[in-house]
Amino acid sequence: MIYSFTNDYSEGCHPNILRRLTETNLSQQPGYGNDEATLESVAAIRALCRNPDIDVHLVAGGTLANLIVLSAFMKSYESVVAAETGHINNHEAGAIEATGHKIETVPTPDGKLTPALIQPLLNKFPEFHTVKPRMVYISNSTEIGTIYTKQELTDLSVFCRQNNLLLFMDGARLAMALSAPSNDLTMADIAHLTDVFYLGATKCGGLIGEAIVLANPALQKDFKYYIKQRGALMAKGRLFGAQFAELLRDDLLFKLGKHANELAQQMAARFQELGYAFLTPAQTNQIFPILPDTLIAELNKKYGFFVWRKTGEGMSAVRLITSWATPQTEVDLFLKEVEQLSRN
Amino acid sequence: MIYSFTNDYSEGCHPNILRRLTETNLSQQPGYGNDEATLESVAAIRALCRNPDIDVHLVAGGTLANLIVLSAFMKSYESVVAAETGHINNHEAGAIEATGHKIETVPTPDGKLTPALIQPLLNKFPEFHTVKPRMVYISNSTEIGTIYTKQELTDLSVFCRQNNLLLFMDGARLAMALSAPSNDLTMADIAHLTDVFYLGATKCGGLIGEAIVLANPALQKDFKYYIKQRGALMAKGRLFGAQFAELLRDDLLFKLGKHANELAQQMAARFQELGYAFLTPAQTNQIFPILPDTLIAELNKKYGFFVWRKTGEGMSAVRLITSWATPQTEVDLFLKEVEQLSRN
Amino acid sequence: MIYSFTNDYSEGCHPNILRRLTETNLSQQPGYGNDEATLESVAAIRALCRNPDIDVHLVAGGTLANLIVLSAFMKSYESVVAAETGHINNHEAGAIEATGHKIETVPTPDGKLTPALIQPLLNKFPEFHTVKPRMVYISNSTEIGTIYTKQELTDLSVFCRQNNLLLFMDGARLAMALSAPSNDLTMADIAHLTDVFYLGATKCGGLIGEAIVLANPALQKDFKYYIKQRGALMAKGRLFGAQFAELLRDDLLFKLGKHANELAQQMAARFQELGYAFLTPAQTNQIFPILPDTLIAELNKKYGFFVWRKTGEGMSAVRLITSWATPQTEVDLFLKEVEQLSRN
Amino acid sequence: MIYSFTNDYSEGCHPNILRRLTETNLSQQPGYGNDEATLESVAAIRALCRNPDIDVHLVAGGTLANLIVLSAFMKSYESVVAAETGHINNHEAGAIEATGHKIETVPTPDGKLTPALIQPLLNKFPEFHTVKPRMVYISNSTEIGTIYTKQELTDLSVFCRQNNLLLFMDGARLAMALSAPSNDLTMADIAHLTDVFYLGATKCGGLIGEAIVLANPALQKDFKYYIKQRGALMAKGRLFGAQFAELLRDDLLFKLGKHANELAQQMAARFQELGYAFLTPAQTNQIFPILPDTLIAELNKKYGFFVWRKTGEGMSAVRLITSWATPQTEVDLFLKEVEQLSRN
C-alpha cells in the first residue's frame, strides 16, 4: 500500500507534544488531573470559550467521554436522542446501553438533528410505559463529514431548552468542524449553546485525549466521581494535559484541522471536476465521493480507504479521510492516479 | 516541599518510551491495537509467560482493567471475593458495583487472601437468595505493600480450581512484586496459576497502560468487545504499545521495579534501626512505618507522604512510596532528616 | 361509559382461581415456588409441551419476564433483535436497556420477524465496534394482533439455530394465539422451536402471572438466581401457582382465549361487511379497523377503546380488544351502535 | 411435620381479601394502579400517615420495593448504608448491586443502625476515589426481630437530614413492629421521620404486596417510570389494591400483627422461664432462643424452624416465627413439647 486515507488516527502526534512530555518528564506532578499541564489546558479552554466558569475534564477517548457524560446526566428511564448515523448508536458496541439507557434514533440524510426530527419523540403515549427523552446527542463534524451552522445549532439549543432537554455535542472532530470553510461557529458559541460538549485531540494531532467541557453549571458538581467510576481518571493526567496544553497554544489544533480539511477539499474538488457525485456535502476532512466499483477496485490496490456502501448499479460511496499529518504530495499522487484511472 | 514520597506516579516515564514514540511518530499504523508496537508488546509478554497461547490486551489504567475483567466474566448474580483492603473495594468509586456486581470482602491483616478466608463465603445458605462467588481478586504487590509467595499463590490457585472460582491478579505493581527480595514467583508462574492478571506500566516507568493477560483460554473469545464497550479501545493503540515494547526490552520494567524497591528497603532498614515498628512487612516500594505524630508533623513540612492511620496514642502509620525515578540522593537526605529529628 | 374494549385486563379472574385460593387458603405451604399449586402448574405445562425436561418459573408480569429472560442469557455486548412494534421496544420504559442491552429493531408491517429481516443485522462491520445479536424476540400473538404460522416459526427457528441466536417468544397473549382460527401451532411445537418462551395468565383469565418456559436445557442452570435478583421470587408463590393450576385444568386457558377471539372476530366481520379496512389482519382478540374520525368520536362517547393512529384524511385505525370476560351482549350492543352510526 | 414456625408466609391471606376479590371480580377497572381498590388503599395510608401529600405505590414484593427505591434515588457513585444483617445485603442475590450501587455495611449486634455507626462512612478520604453515602437503609422490625423506638428513629432522622442522607425504612414486617408491646412509633411518625418507607402485606395477612410510601415530596416526581422499568407495574393493580384496602379497614393489619407477636411472646416467655437465653431481644414475631442442639434435634422432628447459627459448645440459636394465621393451639402443643423435652 502506498498510503492510507482510511482514518485520521494513523499517525502519532504533533512534535510539540512529544517535546513537552520530554522536557517536563522528571518534574514531580500531582496525579489525577492536578498537574500543571492539565491546569494550563483548562485555562486555555476557558479562554477559548470566553467563560471562566466552565469545568473541563480530560479523558482518554470518545466512547469513554460519551458513556461518562450520558450516564451521568440521565435518570434510568431517560433516553438520549441521536441521529441513526450517530457514533453512539453504531460504533460503540452498546456502550451507552451498557450504562442502562436507551438511544432513540431518527433517520437523517446528512447526519444532523433538527427540532422537527426530535419533536415526535416528545409526544409519546402513554406516560410511564415509554422512556422519556432527556438528552440530545449531536456530532460536529458529523460521522459523515457535515457540520452545523450557527443558526442550526441555535435552533436546536432553543428547542432543547424549551423542552427540558440537555444538548450534548460529540466533538471528536470539532477541530475540523471549526476550521471548515463554511463554519460560522466558535468555541464560545458552542459553550453558550450546548450544555456539555467535548473537544477531541486524538483525531487532530494528539496521541490521546478528549476534553469534556461542562458548560451548564448545574452539571458540574461531583462530575469527577463519574470519571473515576468509569475507570477514566488517570494517575498520570500530565499525559493528557500535555496534549491540550500544546495543541491549544497559538491555535495549533485549529491550524492542524484546517490542513486536514484543505487536503480533503482538494480531493473533493477534483472528484467534482471529474463528474462524480457525493453521498454527503464535502465540508471537512471526511469526504464520500460516489465512484464506479471498477475505479474503487483499482484505487484500493494502492491506497487504503473504506468502501462505505453501494449506492446503485456498479457504484459505491467511499470514505476518504485526510489528517493533520497527511502530506500534500500523497494527495497529489493519489489525485493523479484517480485522474488517470478515470480517463481510461 | 523538598520531595514527594506520596506515590509512584509523580514522574513521567522512562526516556526510552519517549524516544520510541518520537522515532515512530509519523509512520502510519493501524488503529485499535493492531500497530507494530502493540504486537511487539504482546510477543514480549507471551515470551515472559512462556506461553504463546495467552491473549494480551493493553488498556489505559487499573480501574478500567478491573471493571472490564470482572464484569466480563461474571453472571449478574455472581460476586467477586476481595480483601477488605482491595483497591476495587475502597478506591474505585464503586466501579465494580456500577457494572452490577457485589464485592464480598474479608478482613485480612496483610492484605492477602487465603483459601481459609474465602471458604466461609462458599457455604452461604439459602441458595438463590444470596450472591454466588465466582471470582477471587488479589493484588500483587498488595495495596499495603506485601507480596504473595509461590506457595501461597499455588494454594489459592488449587483452591479456586477446586471450587469453580476464577483467580484474578491486579498487577498494577507487579513489577515491584516480582523484583522484591523475597519474591519467588515468575510471570510464567502467574500465567499458570491465575486465570487472568494484568501487568502495570503506569506505576513503574510508563506514562499509561496496563497489560491484561488472559491466561485461561476459555476467557479469550470476544474479549475485545468488552474493551470497546467500556470505552477502553484506543484509536492510537501505538501509545500503549510503545510503553510495553520498551519496558519489556531487556527486562527494563523489572530493573525499574528493583530500583524502587531498593530505595524503600533502605528507608525501612533505617526506620527499623531507629526502633520503629511497621504496620505491614516492608517487602516492596510501599512501606508503612509507625512513627510519633510529632515526627510526622516535622517531616511533613518538607516531604510529601500520606498519613495512613492512627495506630495508638500519639503514633500513626505513614505510607512512604519510592518509584523507578526516585533519586538515591533524595532518599539519603530524607533519612538524614529522619535521623536528626528522631534524636531530638 | 357503557363498556370498555380498551384492553383484556379490565376484569378480575376466572372464578375457579378464587375458589382454589379460598379452599387452600390456610394450608401451610413452602414459599418461593415450592408449593403444591406451583408444582401442579409445572407438571401441567410439561405435559402440554410434551417434554418432561423443560423448566418452568412463574413470575408476576410480562415486563418482568422479558427483562429477566433477556438479561439472563446475553453477554453485555450482545443485543436482542425485535420488531419495531415489539413490546420491549415501546412499552417497557427502557426495561431491557436498563439491564444493559441494546435492542436492535427492524420495521415490519405485520409485527412479525422473518429471517430476511434479521439477516442484515448479522453482517455488521467492523467487529468489536458494534453490538452482536444474540437473541431474537418475537410476540405471539403480536402487539398488533397477528399470529405466527408453524412454517413461519420453523423458518425462524432454523435460522436462529444456524446463526447462534436464541429464539424467545413473548406469550403474554399466547392463549389467544393458540386458539385463533388460523393457528396451526401447539405448545409442544413452541417448546420445540424456541429456546425460551412464556405463557401469560394475566391477559387471559388470571389475576397475575406469566409462566416462563426454559425449553433449551442449556439455559436452565441457576435461573432462579436471576428471578430472585430482579425481585420476582415471591414468598407466596402459591398465588401464581393457583392461576396456572386452574387455568391449565381441562384447557380452560385456551377456552377463554377462544371466547375472546370469537367476539373480536364477530366485530371484525361486521366492520368488514360495513366496508371498513383494517390496519393488520384480524386474527385474534385485538383488531384494528380503520374508521372515519366522526364515527370514532361518536363511539367514544359510549365505549372505551384506543385510537391507534391516523391513517389518512379523516380516518384513523382504532384498537378494539375483547377478553375472556367480555359478554356477548356487550358486543351485540356495540355492533348495533356501529351499524346505526355508519348508516347515518 | 406437625407444624411449621419457619416463616410468616406459609399461609394464604385473611379471608376478607378473598371476599373482596370475589365480590368485585367482574367489574371493569382501569389498569396499572388506577382501580378503585388501589385508590382506597392510597387514601387509607394517607389517613394513617396523617398526611394527604404523600405518594403511595403498590408493588409485589420486598426485594422489588428495595431495588426500585434504592436505584431511583441514588446517583451511580452514591452508596446505601445498611446493617450487616440487612436484607438487601444478605438475601436479595445482589439485587441492589445489580442496579449499580454499592451497599456499605456496618456490624451491629441488634440489627439496628445509629448515627454513631454511620458517621465513620461519611469521613472517607480521598474524595472521588470512594463511593459517597446517600441513603440509609433500615428495617423495622429488623431481620432479627428487634424494633426501633421513637427516640432512636428521631436521632437517625435528624442525623440523616444534617448529612444530606435519605432515610429509607424496609417495612416488610412493619405491621408487627407497630403492634409490638414496646413500640412507641406510629405510621405518622414514620412518614414524618423517614423519606421513604414501605408497609408490607405479604408477611401479615396479605397474599402479595408492599405499599411504598414516598413521604419526601422531592422524591415523588416520575416515580411510576421506575416501577414500570423494573417490571413492577401490574396490569391488574386491583389485586394489590384489594390487599391493602381490606387490611387497612378497621386496623385489621395491625390486629393481625398483634396476634403474631403475642404468640411469639408466649413462646419467648416460656423459653425464658425454662432458663434459655436469646440471641436478640424478643420483641416481635421472630424470636431467637438459644437452645441445646439435642433439644433442637428433637423439636425438629415435629416442627419446622430454622437453625440460625452455632452460639457455643452444643448450643445454637434457632429462629421461631409466628404469623397472623398461627393458631393458639399449635403454640400450646409446641410449648408443651419443649417443656417435656427440656425436663428430660
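Labels for the chains are A, B, C and D, by order of writing; each one numbers its residues from 1.
Going forward, contacts are C-beta pairs under 8 Å (C-beta built on N, C-alpha and C of every residue); 3 or more make two chains touch, one makes a residue touch a chain.
None of the values given here were measured: they were computed from a predicted structure.
**Q** State the chain with the largest centre-to-centre distance from subunit A, centres being mean CA positions.
**A** Farthest from subunit A by mean C-alpha position: D.
**Q** Decide which interface, C-D or A-D, involves more C-beta pairs in contact, and give its chain pair.
**A** C-D
**Q** Could you put a whole-Å number on the gap between the CA centroids of subunit A and subunit C?
**A** Each chain reduced to its C-alpha mean, subunit A and subunit C end up 43 Å apart.
**Q** If you average the Cα atoms of subunit A and of subunit D to get two centres, how far apart are those centres in Å?
**A** 51
**Q** Based only on mean CA positions, could you tell me how far subunit C sits from subunit D in angstrom?
**A** About 34 Å separates the centre of subunit C from that of subunit D.
**Q** Can you tell me which residues of subunit C touch two or more of the remaining chains?
**A** Answer for subunit C, listing residues that touch two or more other chains: 76-77, 92-94, 98, 100, 128-129, 225, 228-229, 233.
**Q** So in the complex, the part of subunit B that touches subunit A is made up of which residues?
**A** Answer in residue numbers: 3-4, 7, 9-13, 15, 18, 21-22, 24-31, 60-61, 63-68, 92-95, 98, 202-203, 207-208, 225, 228-236, 238-239, 325.
**Q** List the residues on subunit A that touch subunit D in their complex, please.
**A** Contact set of subunit A toward subunit D: 32, 71-72, 75-77, 100, 127-129, 132, 222, 224-229, 233.
**Q** Write out the stretch or stretches of subunit B touching subunit D in their complex.
**A** The contact residues of subunit B facing subunit D are 76-77, 79, 90-94, 97-103, 128-131.
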